[in-house]
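The structures come next, written out as structure tokens.
Both of the next two complexes hold chain A, though its partner changes from chain B to chain C.
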Partner chain A sequence: MTAQEVRLCGLLLQEHFGDVVEKIGTHLLRSGAQNLRTIANETNTPLDLVKKSLCVLVQHGACEFGSGRRGPGSPVEYRADSERVLRILRYPRYIYTAKTLYGDTGELIVEEVLQRGHMTLSNTVKTVADRLTHNMEEGRNMEYSEVSSTFSKLVETHFLQRCPPVAEMGAAPPTTTPATHGAPASVAPPTAESNPDCYKLPPVKLIGCGKRRHSGDDTEDQRGGKKAKMDSESCGDEGIYWQVNFERFHQHFRDQAIISAVSSKLDQTSSEIVRTMLRMSEVTTTPSAAYTQPLSANEIFRSLPPNYSISRPILDQYLTLLVDDPMEFVGKSGDSGGGMYVVNLHRALANLARATLESVVQERFGSRSARIFRLLLRKRHLEQKQVEDFAMIPAKEAKDMLYTLLSENLVQLQEIPKTPDHAPSRTFYLYTVNQLPTARLLLQRCYKTVANLIERRLHETKENKRLLEKSQRIEAILASLQASEAEPEQLTEVEDMITAPERQQLEALRRHINKLDCAENQVDETVFLLESYIFSTRTK
Partner chain B sequence: MAEVKVKQESPDPVQIENRIKELCQQFPHGITDQVIQNDMPQLEAQQRAMAINRLLSLGQLDLLRNSSGLLYRMKDSQTASKMKGSDNQEKLVYQVIEDAGNKGIWSRDIRYKSNLPLTEINKILKNMESKKLIKAVKSVAASKKKVYMLYNLQPDRSVTGGAWYSDQDFESEFVEVLNQQCFKFLQSKAEVARESKQSPMVQRNSSFATSHEVWKYICELGISKVDLSMEDIETILNTLIYDGKVEMTIIAAKEGTVGSVDGQMKLYRGVNAIIQPTGLVKAPCGLCPVFDDCHEGGEISPSNCVYMTEWLNF
Partner chain C sequence: MAGRGYMSFSVEAVGIGKGDNLPPSILQPTPLYPPLEHQPVPLVTGEEAEYMLALKQEFRGAMKTLPFYVRPAVPKRDVERYSDKYQNSEPSDNTIEWSPDWKRLPKELRIRTRTHLNDNTSLSVQTTLVPKPSKKTCLDKEEIIRKLEPLEKKEEEVTSDEEGEKKPEEVVQDEEDEYDEEEFEEETDYIMSYFDNGEEFGGDSDDNMDEAIY
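Up next is the complex of A and B:
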């Protein structure tokens, strides 16, 4: 965990869960696995607060507990997962994807599950139905069955999964395996995928419809809350909690990136073919696979969307073109069935990461430096003179650009001595670019950028706190006046309490905050590409 | 009876020299000592050596060494007349420069080869330059270095830099203009191919242009004052590849088709970028020059960043 990651995680935890959780969370991230007593002592927080924050973190999957280092008898140790905390940054993208695929219902389901961490099926359905009904016109209600069907569709396509069952702690080892009695108890926590039922829906029938909540309904809600609890107890699926399957969403984003790259490089039809191939291998390919399963041309032909009626020979031509393309998105793995084709996932990710690096160099340093950068990526090692010759840039300028890139660590220098004494006049100095370390460097820079954007947003909000509070009070007064049906003059009087320049300032503030939010999402796209690329090289 | 000493008629030294000269003319590649001996067996070694030395000092014979021994060759009468006024040292330096051909030779190298002191060398070089026997050419690699070569020779490409250098200056605008013209040509070809709406194979193949076609197009455009060869155009197209705007394939072509080199042809095609400018550069931090100095609570921090303020008010 680098310092930038910890800083970013701290900011995210603070925004979403508050100061106490942030303190505990960053402490855990910095110091690794610790037990409860140590955490309380080192952070000087009372024990019950520590317990509550750990609960919150565990509920969201950001913290895992396992038996201590000194064997099964020692106190339980907690470990925070920085990757999981960084996913919080990507929540808007997940919700938006669910919206595009499954409509408003899907969007609300995913939003609810993301906010609560783990939820049961019945709870989710009820909450979502209530929310949807609230937004609909009077007299219409959202049926539970509709929400359930969307939920089951999400589970079928693996976007939601069951939470892994909690490992038994301190219990006697099962009698069926007496040989493992003395085995170390530090077993890896079971992942969600290791549960064979992780995508199986519980046999629960939910009948009913969403209840519209009126604004004066507090007491009813309290009673409704109790009633809801009793209802869920009778639903029969307690203990089966669902969480969002981030890997599946990442797979989806990755597929989208590949498809858009193909469509901008070649044309629309090729990207449709690649989209079909990826859709067919959605559930059969593991997330970290280097290639999808081989698909025969016949299968692809049958699975093409019906509005893309291209003939079989044309499809073959497109596939050949895709295989011949230097980007190597698609590869041919055999000739049976009219040709077996795979999508080269790792290579596509490497190409996308390379394009990201090139675009960063281009925007920061100009197109000639980008030319030098691309030249070094292609030719690996080059001398100063060769760089000038190939790139056709005058010697002075080329030297300048190379030294700038070198000082930013985007380009490295490799020395090859001719003599054992490494004399500078008798050594070859070669410039080179290593894609993986450069990608890591840029990733850290992205983290710092996002942290900077969040801090700026908080700062802007703090600066204008007085103004925001005032506008909130005015809005509350307006709302209450409207509810009690006051006269228009009173309304305008209240509205005039905010002067015009203040209104402008508020407007500007809103624009700024929107822009900062947008920028966070955009930088997160870069983070996703670089993270996927780095992860794909790690599992090789 | 005493032995009759047969008195040899000592041949005239001039006669010996003339005979040697005739032999040289008979064998323009050069004659060895052996040949002279065979021709005039009655000549003693001493006399032979004297005659050869005289011819050498007169500058009419050239002394060469090959694997089997020494060779004597007739010197070109023209050059012989030129060198009449010079002495041995100059002749030596001249020979060294001549050997360097059209790449030229640096003054320090002349010193190594002739073992003459620096001052002498400089005097001789100045002398020969004024007699218009040699000339100095500035090298493009190191602008202070001067190489010397014979007066009537064309300097080699590696010294002057070829088509891209005019008077030791790299012509960047010329290269840029050529760059853009080539790219426009390839791009319009790809556009035409895409509009034609034929089958994808045909579309792709027609969007390719061989390096020969590009060369012809550039020549016809007439923007270049210097004649450009196909290799020059290929270096320009390579820079377009490094710009990410063009891709290249090599196909096997029949020998004799226009533009093929060693049975291969290079094809170039304009392409689009595969991604849009990435998200990181859309935030000011991605382009910030003081990124590493920025900390919360420091002089430069996100809260008081001027770049961010400007960007937000945009």
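Up next is the complex of A and C:
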């Protein structure tokens, strides 16, 4: 847990859950696992607030609890998960992906589940149906069955999963395992995947349609709707909570990145072939696999989308091209069935990360420094003289660029002694670039960047707080006037309460905040690539 | 390491020739905002980027209204005022506003839920919070009033129009809060703005000072 990660997590918690949760969260991130009393004492917060914050954190999966270090008798310890908190940055991307795959219903389902941390099927369906009905025109209602079917599609394709069962603790003696789900007792919190029922839908039938909520007047429907919410209707799926499966979304993003890389390097048809191969291997490949399962050329030919009718020999030519490409996205693993082909996932990720690093150096230091950087990546170790020769850059400038890169820690110096006494005059000094540590360095820089962006946005909002509040008040007054059908003069009178320079200031503020938010989204794409690459090397 | 006198290794190996002028040695930390040599690439724009931006901002706004946004309890003021009973702006105690599934949480985290919800679950775990007597009578009253709900709904339609101004600013998902306010409306003879203590007055009229304020 680096300082930058903790800072970014703190800012994200503060924006979404408030200052209290932020204080508790950062404290847990910094000091590891702790029990309730210690947290309350060390953060000087009243016990009730600590309990509330921990409930919120556990609800959203950012905190796990387990029995203490001294065995089942000791107080419960809580541990925060920085990776989970950092996912908050990617929520818009998850929601947008759900929209592209499953339409507005899918989008709202994923949004609701992300907002609440985890939810039951019945709750989700009711809330989403209500929201959709609210946005439809008068008289039309959203059926529960439609929402349920989209929900089940999401579960079938593994985008949603059941929350892992909670291991009992405290009561059970260490030797016996808890009765309910067979999860290991207090060794490690069970993951979602370890539950065999992870993707099984509960057998509930939800019949009904979304209720329209009218703002302002209480009609029969609303009263009925309110009553329904107030009764504790049990729909038969109590205790079964669903959460978003981030790994599956990450798999999807990774596939998208590979396909777009192929499409920009080669052409559209090759990317379609790779897309087909990835789609066929979706269910057969584990998320952390290095290669997809081998697919024969015959299978690929049969599964190509119908509007891409290319003939068999052309397909073979494309596959050969893909295999021979230096990017090594696709590899050949055998000759049976017309040729067995795999997609090299880890190598593709490494290449994408390398391209990111090169592009960063290019944008920050210029194209000639980028040339030196690429050279060092390919040739591994080079002496000063060799760098100048290979890069075809005059000595003085090459030196300058190398030292700049060295001071930024993107390039390292490796000593190779000729004699055992390491005399400097008889030692080779070689410049080198290591991809993995450099990727880690860049990832930390990205975290720092996002944290800076958020802080700047908060600063801008704080500076103009008075103006923002005024404009919100005026909008509220305008809305109420329009609802009660006032004359246009009253409306213009109210609008004139904001002077022209203030309007300009507001406009500029809005532009700045939008820019900062967009930048955060974009940096998060780089963060995703680098994180995937680093994670893929970890599991090797 | 004094100057460029005697050095233990041949400087040519690292590439510094004789007579080259090196950049001056730096004796202070680098400036906070070093000058940018290369301008950053402009941000990606397009429908997708704008939609994600809108999603992000909406999500943030929505999170602020959910009960997961924990606000610390406002400390009680020195004297209890009459308006406190009808104007609960901030949470004044640390009950939890949503009901998590307590079976998934360790027992020690259990706190009182704010019982507007018709919770039939009995709060068997005693907490350190001593419930205020005024709140208790309020809760009893609420239950009685809930039974008289159908009749009151018709009366409240009239009073709710006065609240039109406050509606956009109210928390959307908290229908219970709205309900409470209307219920409070019923109990007093005054509209809610009677209880404004004058702190917000005068904030709007900063701009045109030509009119005298009476």
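Methods note: the second predicted complex is superposed on the first by the 507 of 540 C-alpha atoms of A that agree within 3 Å, B and C clash if a C-alpha of one lies under 4 Å from a C-alpha of the other, contacts with A are read in each partner's own complex, and residues count from 1 in each chain.
In this text, a contact is a pair of C-beta atoms (placed from the backbone, for glycine too) under 8 Å apart; a residue touches a chain by one contact, two chains touch by 3 or more.
All values derive from a computational prediction rather than experimental measurement.
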Between chain B and chain C, whom does A:384 touch in the aligned arrangement: first, second, both, or neither?
second
Just chain B (first), just chain C (second), both, or neither: which does A:312 touch?
neither
First (chain B), second (chain C), both or neither touched by A:53
second
Is A:456 contacted by the first partner chain B, the second partner chain C, both or neither?
first
Quick one: classify A:370 as touching chain B (first), chain C (second), both or neither.
first
In the superposed arrangement, which partner chain does A:69 touch: chain B (first), chain C (second), both, or neither?
neither
More residues of chain A are touched by which chain, chain B or chain C?
C
Using the superposition on chain A described above, determine whether A:302 touches chain B (first), chain C (second), both, or neither.
neither
If you stack the two complexes on chain A, which partner ends up touching A:264: first (chain B), second (chain C), both, or neither?
first
So, does A:477 touch the first partner chain B, the second partner chain C, both, or neither?
second
Which chain A residues are contacted by chain C in one complex and by chain B in the other?
363-364, 395, 515, 519, 521-522
Chain C-touching residues of chain A, taken from the complex the two chains share
15-21, 36, 46-49, 51-56, 58-60, 65, 75-76, 91-93, 95-96, 111, 114-117, 163, 166, 169-170, 215-218, 223, 226, 230-232, 239, 241, 363-366, 384-385, 395-396, 399, 402, 423-425, 427-429, 472-473, 475-477, 479-480, 483-484, 497, 499, 514-515, 517-522
Hey, which residues of chain C end up touching chain A in the complex?
8-10, 13-16, 20, 37-38, 40-41, 43-45, 48-49, 51-53, 55-57, 59-60, 62-63, 66, 68-73, 94, 96, 100-101, 103-111, 117-120, 127-129, 149-150, 153, 156-157, 160-161, 164-165, 167-169, 175, 204, 207
List the residues on chain A that touch chain B in their complex, please.
257, 260-261, 264-265, 267, 269-270, 314, 317-318, 320-321, 326-327, 351-352, 355-356, 358-360, 362-364, 367, 370-372, 374-375, 378, 390-395, 397, 442, 445-446, 448-449, 451-453, 455-456, 459, 508, 511-512, 515-516, 519, 521-526, 529
The chain B residues in contact with chain A across the complex are 164, 170, 172, 175, 179, 194, 199-201, 204, 235-236, 238-239, 241-244, 247, 249, 271-275, 277-283, 285-287, 291, 294, 296, 301-303, 305, 308, 311-313
